[in-house]
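Okay, so subunit A shows up in both of these, paired with subunit B first and subunit C after.
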Partner chain A sequence: MSHPPRPGWVDPFSPHVWADKEIPNYHTLNLYLRDYGDYLLQPQMCKVHATVAQSIPNTTWTVVQFGTEDLDNNDMWSGGGEIYARTAGWYVGAGSVCYDESGSLTGRRRQTIWASRVNSYIAESQDGAGSGAVAGRRISVSFGPIWMNANNYIQLRCYQTSGAAVNTKVGTLEYDSDLFIRWIGPQ
Partner chain B sequence: MAAVTQPADWADDEIYTADKLNAVSALQDWYWGHRPLFHACSGWAELAALPEGVWYAAPLRVASGIIDGVNRGFTFTESTSVVTATVPGWYDVCWQVGFQSTAHGNVGVRGGGVAKNGTGVSNFEAYRMGLFGDATTTDSGPVYSGNATVYLNGTTDYLQLMMFKTTGVSGDILAMYANEQMRPKLGIWWVGRDA
Partner chain C sequence: MIVPSTHLFTAGETLDDGDLNRAIHDVYNALQEPPQFVLRQTSLQSIANATWSNMYYWTASKNNDNFMSYGDGGTITIHTPGFYQFIYGVGYTALSTAADTTGIRMVALGNIHGGGLEGRYENRPSMNTGWPAASVGQPYFCYMAEGDTCTVKVYQTSGVTLNTYVASTQGQARWSGRWISP
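This part shows the complex of A and B:
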């Protein structure tokens, strides 16, 4: 589901400055008007979701793994837990982890976004487990805007304190853990 | 750079000129490189003690550390955490609040959200409220985050990141400052003009 930018695309983005008496032709109109405008309508985006239940050990930060992409228009994901920026710029996004809590679990749940550019977490959501059993407890974390250089990546990581390993819940989109990122500008 | 939120019209038989074509480039340049963008994060403890049982504007500062700080196209007042847009239009908002407990970490309710033009019940564009009873008395957390899309008129409309707690006392719960990823933060970016 990858759609690399059109041939001739200038990266990083810099609008063309037309010189006095410069006569446009179909090539320059297509490149500087059509293609730039087209890019406006399809910013680089990637969304992936999990397809296999994953064991999250007790009190251990774990990178959430994904199995399929719902959207990827610039080869930003190729398996595993990382989504890569292919163009430098500002990015926004969100992720969610769904825990299988049919066993009426306790403890806290932490979901964070790890950014390789700063080699650190940059956003988090954290809450205590609710009382009683629930098939899938999904908790989201939003982030942005953050700066990413080309080939920097983000991960969704989670941490839980139930006292034992907890599996993530998969099976339908209401459960599958996911991660999404979108480019919003080059500067 | 002045905001360019409307493309120029071309008249029938209008001759291409550099000025007219550069107006198109200017719109692209403004959208990609100069449209309003804001990201601030709470960073210090002395202004962060939360009052009891009332919504409180989270302290924010535009500074870059692990968290990228940027203010382009907004008026921001640190002392009141008021963020005012200068370009009218629709904005995406990404918000996060985090709590640090010196005591009573497992008592009461915690809440967070984004309010527009005031802090009454009807002013909130998005918020979340929950219990944190599973924590110990001095546990850090919870941390809530979310998104909203709001219209700002570019003159008087403003946003504030708000926090709330109930433990029965004041000064025992702080806006998180120890870990940058858990701190209150607010991101806002222009996405389009009104129809």
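This part shows the complex of A and C:
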């Protein structure tokens, strides 16, 4: 393991093989049954959302920044735009960007998930600008399963072609841009 | 449904079959089949222009924690607290008029946690007149407490009332949710 597990968690790659005549005691029952069960009941997960409006320049890929975590059970986020895997494995998730469309109703909107392990985006969604009927326009992109090594990270990046900078819209969970990821298996 | 907690074994503890079943069997059973629902709309619903409307569902291919009684229409109730992942979307029947390509189409979770909207997503209308708008499932992950309720709400600005698409099974609106973790 390249990153020590949290207390009570075990490396999911190393389930215990019981040997003939091996006598379990409370310690091994906890280590090899309880801790594995706890890990499966609460897989590594992280969800963050934005709290401050961010200016997205015209025709420039921009990493979406987040301000608070709704869930982070293994120190996967410590501010900014990156969520880190702390244990190697397969991961799934989704992100969304909410554009403040009150003044910029032209061009395209693109959202991607950037994966550090491959140094490229691994999922994308695209759509046109809004119609002006509502002020905040939230567009999602889903991804996975993707493989991540310990301490690889993902980012939510966006790109818009309105001709000018567009702000993201924040204020309620109805609008706030967000990013979510969870571990689903070791192999 | 009660998702069991793991058991902390202590020194000198005497275990019987009941203890082992609770500590091991019940936990892994719950992991294999956590609370989950998959609902589908099989009868069309009229969605008024520029009005947030509750979606209604009539068929469940999965509903193992009594999330919904069909007399309640489109509202689910949470009985097992925890983090849930929801996926929801809606499609509309084409009118073969300019309404098909006009405005926006939005979905959101409403009346959630007793409050307003969360997880609101927006899609463009159809690209061409006469084409039904695709139903795009949007994912949303959040914590739900026991007793929390939730409804899928939709909003469209075509200028006219639209009917949801139910003509083919694959195009019918679906709403699913799965318990992920306590």
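Here is the rule we go by: the second predicted complex is superposed on the first by the 174 of 187 C-alpha atoms of A that agree within 3 Å, B and C clash if a C-alpha of one lies under 4 Å from a C-alpha of the other, contacts with A are read in each partner's own complex, and residues count from 1 in each chain.
Quick note on the criterion: a residue touches a chain if its C-beta (ideal position, glycine included) is under 8 Å from a C-beta of that chain, and two chains touch if they have at least 3 such contacts.
None of these values were measured; they are calculated from a predicted model.
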| item | value |
| --- | --- |
| Side-by-side fit of subunit B and subunit C on subunit A, or clash | clash |
| Which superposed partner A:Ala123 touches (first subunit B, second subunit C, both, neither) | first |
| First (subunit B), second (subunit C), both or neither touched by A:Pro186 | first |
| Partner chain(s) touched by A:Trp18 [first = subunit B, second = subunit C, both, neither] | first |
| Touching partner for A:Ala94 - first (subunit B), second (subunit C), both, neither | both |
| Which of subunit B and subunit C A:Glu174 touches, first, second, both or neither | second |
| Partner chain in contact with A:Arg137 - subunit B first, subunit C second, else both or neither | second |
| Partner chain(s) touched by A:Leu40 [first = subunit B, second = subunit C, both, neither] | both |
| Subunit B versus subunit C as contact partner of A:Trp147, first or second or both or neither | first |
| More subunit A residues in contact [subunit B versus subunit C] | B |
| Where subunit A meets both subunit C and subunit B, residue numbers | 33, 37, 40, 94, 127-128, 140, 142 |
| Footprint of subunit A on subunit B - complex, ascending | 16, 18, 21-22, 24-26, 28-29, 31-33, 35, 37, 39, 66-68, 70, 92, 94-96, 98, 130-135, 139, 141-147, 179-182, 185, 187, 189 |
| Subunit A contact footprint on subunit C (complex, rising order) | 3, 5-13, 23-24, 27-28, 31, 50, 83, 103-104, 106, 108, 116-124, 138-143, 157, 180-182 |
| Subunit C contact footprint on subunit A (complex, rising order) | 25-27, 29-30, 33-35, 37-38, 40-43, 45, 47, 70-71, 94, 96, 127-128, 130-131, 133-134, 136-140, 142, 172-175, 180, 182 |
| Contact footprint of subunit B on subunit A as seen in their complex | 13, 15-24, 32-33, 36-37, 40, 90, 92, 94, 106-108, 110, 112-113, 118, 120-129, 140-147, 184-187 |
